[in-house]
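In the part that follows, the structures are each spelled out as structure tokens.
In the two complexes that follow, chain A is the common piece, with chain B as its partner first and chain C second.
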Partner chain A sequence: MAEVHVIGQIIGAKGFSESSLFCKWGIHTGGAWKLLSGIREGQTQVDTPQLGDMAYWAHPIDLHFATKGLQGWPRLHLQVWSQDSFGRCQLAGYGFCHVPSSPGTHSIECVTWRPLGGWREQLARAFVGGGPQLLHSDVVYSGADRYRLHTASAGTVYMELNLILRNFGRYGVEC
Partner chain B sequence: MAAFNPTVFLLMVNGQVESALFPEFDDLYCKYCFVYGQDWAPTSGLEEGISQITSKSQDVQQTLIWNFPIDITFKSTNPYGWPQIVISVYGPDIFGNDVVRGYGAVHVPLIPGRHKRTIPMFVPESTSRLQKLTSWFMGRRPEYTDPKLVAHGEGRQVTRVRSQGFVTLLLNVVTKDMKKLGYDTNSLDMRTFSVADLSEGILK
Partner chain C sequence: MADPSWNTDTGEAVYRSRDPVRNLRLRVHLQRITSSTFLYQSATQLGDDLINLATFNPHTSASGHRRDEEEEEEVVIGWQEKLFSQFEVDLYQNESACQTPLDHQYHQEILELEASGGRKNRRIFTYTDSDRYTNLEEHFQKMTTSENEVPSFLVERMANVRRRRQDRTSREGSLLKSRIITWRPTEEFIRNNHVINTPLQTMYIMADLGPYGKLGQKNYEQVLCTLKVDSNGVITVKPDFTDNKGPYRIEMEGEKQEVWKYTIDNVSSPAQREEEEREQRVFKDLYDRHKEYLSSLVGSDFEMTIPGSLRFFVNGEVVSAQGYEYDSLYVHFQLELPDNWLSPPHQQLSGITQTCVTKSLGMDNVAYFSYPFTFEMSFFHEDASPDSLPQWPVLYFEVISLDFWQRYRIEGYGSIVLPSTPGTHTLTISTWRPVELGTVSELRRFFIGGSLELEDLSYVRIPGTFQGRRLSRFGFRTKTTGSVTFRFHCLLQSRAFLDSSLPWRKRQSVMDLMGRFSQQSSIINVMEAFQRARRRMQEARESLPQDLVSAASTTNLLASSSPRHRAFQGQGSL
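For the complex of A and B:
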């Protein structure tokens, strides 16, 4: 069986209108993949940056997959939330990116978006906070029902992921 | 010669904790330690260290230079649990007490070669304003009981932190027998950015 190691960090995020941010992340894979070691999802700390406008999480990711096929290559999906001084959380953006498919070090910038409601929801969000959230978060990494959504662009999440592949050459896979 | 069928691979890291950027603080020292998985063991070198206390330079950059050496070799059977270096920076507060100024962690680079890594440093934040005032008076700031927590992902979702500085590391990495065991770490796409590029305007 071929093996894939994903080792790296979710470094932080920039470009959001709010400043105290945290991120919930998860990895989704197809049926041929099996997670041997590591934690498949998590939530970062809440960071309030003092220097500049980038929130830093430095959240480590260390996953070990075994796979029988190339279909369902792992996808990392993210939800960025902001937390205010009262402890209330508000959605800042959703995003996803595929885990890179070649060995080595990759710097990844994952763009994010957030759902827009009608003008009522947008006004309420500006004054009171809150705002629409997805009911089923798998829309973030699948294209199936996206055409129903109207979204606004949000900031960018920066990650550095290293890939180690094992035995891919044995099966004739070039990457 | 032995090792036609190796069962372990080696990772040698050497380098230095070069410098730091903390605009609001001065007279800082740092500690480093390594966090690694169960399949890893250090074979030589020092796992931890404490640096000297340094003051800011007088120029516009205001960097704090440590130039503190790191030298360690690990052996392992599995890349899972790849070592991370955890840096903690401490300095005096206004009353002279030793308080923590930042924690940060990064994986040792996986690709052999020379790497420069600038990592962000953050401190836990007090829960309430009253606690913030009390801790400022008493000199007991919020800190982690074990700095190695910074290298783990679990249990961080309830922590609130403030990022307030950067530390630059220079690391040289050499691996042995990873290819023989079937691990492929090289790549053609070597475009990387450092935290320095992301925070332009602060570090320039």
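For the complex of A and C:
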């Protein structure tokens, strides 16, 4: 059994066309992994940037995993949403990044995308908002069916993750 | 007996202790050094006050003709132990001066003290946490020489920290969960939350340095030591204990200019060895049990590699593509495994990202993919020739644009050798695309899409069909296009890392490892060949007629006694 601590925060997001952003996040692992403590998914508050376009969340991530193998290393997936002044939420971007596999501090910039839809939907989005969302959010963290999608680039989510690994050396893993 | 090595550092010192603070014991030793007058007459007045001190040792004093009891005093004080000053004794003796319950309690205690033979301290006394003085001190402590220093808002708030501890209110986390935001904060809420709220207990060790016989005057009171303990076991002592350093010095103001010296020592009885050991055992037990619990949840095994092989894990992402001519990009990539590399059969070695419309970021148009891929590969070094250099897997990729009219254009080709060191690597690869001389093909590309394409992606590096000494691409024209950003998190796993005698950080190069693999695998080859040969021999023996077996049983015995010899024969026949 080897252990991984993931401690860090989702700092914020930048480069989205919408303001008042919030973020839903989750961590997906393979079958050999078990979450010993911590919360696997979460949602940040809505942050409205006052100056510039960077929304800061400073949302904590603190997880402790144990594993029996290297397959299925934790992967972090994000959904960035924006909330308008009427309380309506619309999707701003999907993002994905692997949890780093080397110990230490990692600053991660996770780029995001959103489904584009047809030209009618694009037009509607420009005026009244909304837009298509993924039916199954597992597309975010698996690459198998991605080619069916037509997407648009969205903003970047900034994260800071600290990794502490334990006992990997005992099993001949260099990380 | 003025000691020249005065301790002038009166800053505070911070200690941490997990033990209960009530075990804290301090020994304070106070001594007068100079005095301008002899006060013979006062001795008669104070006659009944001069009680022999329990902890007092008269022989340490070298001040000769002076009265020892007057000159120095030594008291051992426990945490929050109340020692009354002369002033307090005088004050609380008559009940009419007592107002609060605490005053009445002091009155009782003083009466009891008087009945039992008086108090043991004379000059040194204490103010405990519940005394009025500690509150006042917090409030009106001056920080500067300014004449009219007014306590700031924060000072008043901080004073509340102490007061709150006394009337402890229940503030629980459950209250916070149900309601995150308080729209109308109450006074008390503000008091509790606008400043740090670690409850702090304070104690002052004081000295009454009044002239002999005139003890009990407020203006001669001096703070010897301030002790603060918070609930986390942080003990703040100001000034620090005088262990080996010189004593502290107090110079009285006024006409007499008396000089006093004092020392503070920590005389808390240290924990017994057995107790410490028991504590350590308990902690160790706890941690062990926790570890067992965790491993019972997951299991203690871990997936290992086959001996003599190197497993290479890559968790990667296609992050973005930037700087391309057309919009709606996608990346197609595939991994090439060189000889001796294997991957699990279910593994995908290629991938296609989604089609992504770019957005402008600075000078460039970027397309964000955040496309995940995971490769797992194993390297087996089978040919034992040490000269053959192992090849590392290569990722080939092409960037393609596909626009609204389904026009398909090659935007760039590139390749990347996977990083061979473990860790995180973010790599941005520039790409090119082939061009043809003349404007026709470019016009065609612009209007109807489609352009020159490579027949084989491996042409990006060394073509698969290439055999020769020099790789020449003369005559092949290309054009620089944008770049693609990849992120790789690499992991290497091998048994060779286990028995490495080198320290972990001093990682040997992969080449060295390969060399070791070849040795290991050759040994393994021999062992396997031996097993094969042995199996074959057994099969052969079983297929033989029974009488032959019984006849040759003696030779069989011989053969099994020297299996190694037989094994090499077997290998030779393979």
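By definition in this document, the second predicted complex is superposed on the first by the 175 of 175 C-alpha atoms of A that agree within 3 Å, B and C clash if a C-alpha of one lies under 4 Å from a C-alpha of the other, contacts with A are read in each partner's own complex, and residues count from 1 in each chain.
In this section, a residue touches a chain if its C-beta (ideal position, glycine included) is under 8 Å from a C-beta of that chain, and two chains touch if they have at least 3 such contacts.
As the structure is a prediction and not an experimental result, all values here were calculated from the model.
When the two structures are aligned on the shared chain, A:102 is found in touch with chain B and with chain C. After overlaying the two complexes on the shared chain, residue contacts for A:26 are found with neither chain B nor chain C.
Of the two partner chains placed around the shared chain by superposition, chain C is the only one that A:112 touches, whereas chain B remains out of contact. When the two structures are aligned on the shared chain, A:48 is found in touch with chain B, with no touch to chain C. Shared-chain residue A:174: touches chain C; no touch with chain B.
Contact with neither chain B nor chain C is seen for A:131 once the two complexes are overlaid on the shared chain. In the overlay built on the shared chain, the residue A:14 is in contact with chain B alone; chain C does not reach it. Taken together, the two complexes place residues 36, 100, 102, 106, 167, 169-170 of chain A in contact with chain B and also with chain C. In the complex of the two chains, the chain A residues touching chain B come out as 5, 7-9, 11-12, 14, 20, 22, 36-39, 42-52, 54-56, 58-62, 64, 83, 100, 102-107, 158, 160, 162-170. Across the complex, chain C is touched by residues 1-3, 15, 32, 34, 36, 66-71, 73, 75, 94-98, 100-102, 106, 110-113, 116, 141-144, 146-154, 156, 167, 169-175 of chain A.
Only residues 23-24, 37, 78-82, 84, 104-107, 109-111, 119-120, 122, 125, 150-154, 156-157, 159-166, 181-193, 195, 198-199, 201-202 of chain B touch chain A when the two sit together in their complex. Partner chain A is touched in their complex by these residues of chain C: 294-295, 297-305, 311, 313, 315-317, 319-320, 328, 330, 348, 351-359, 361, 366-374, 376, 422-424, 487, 489-498, 504, 507.
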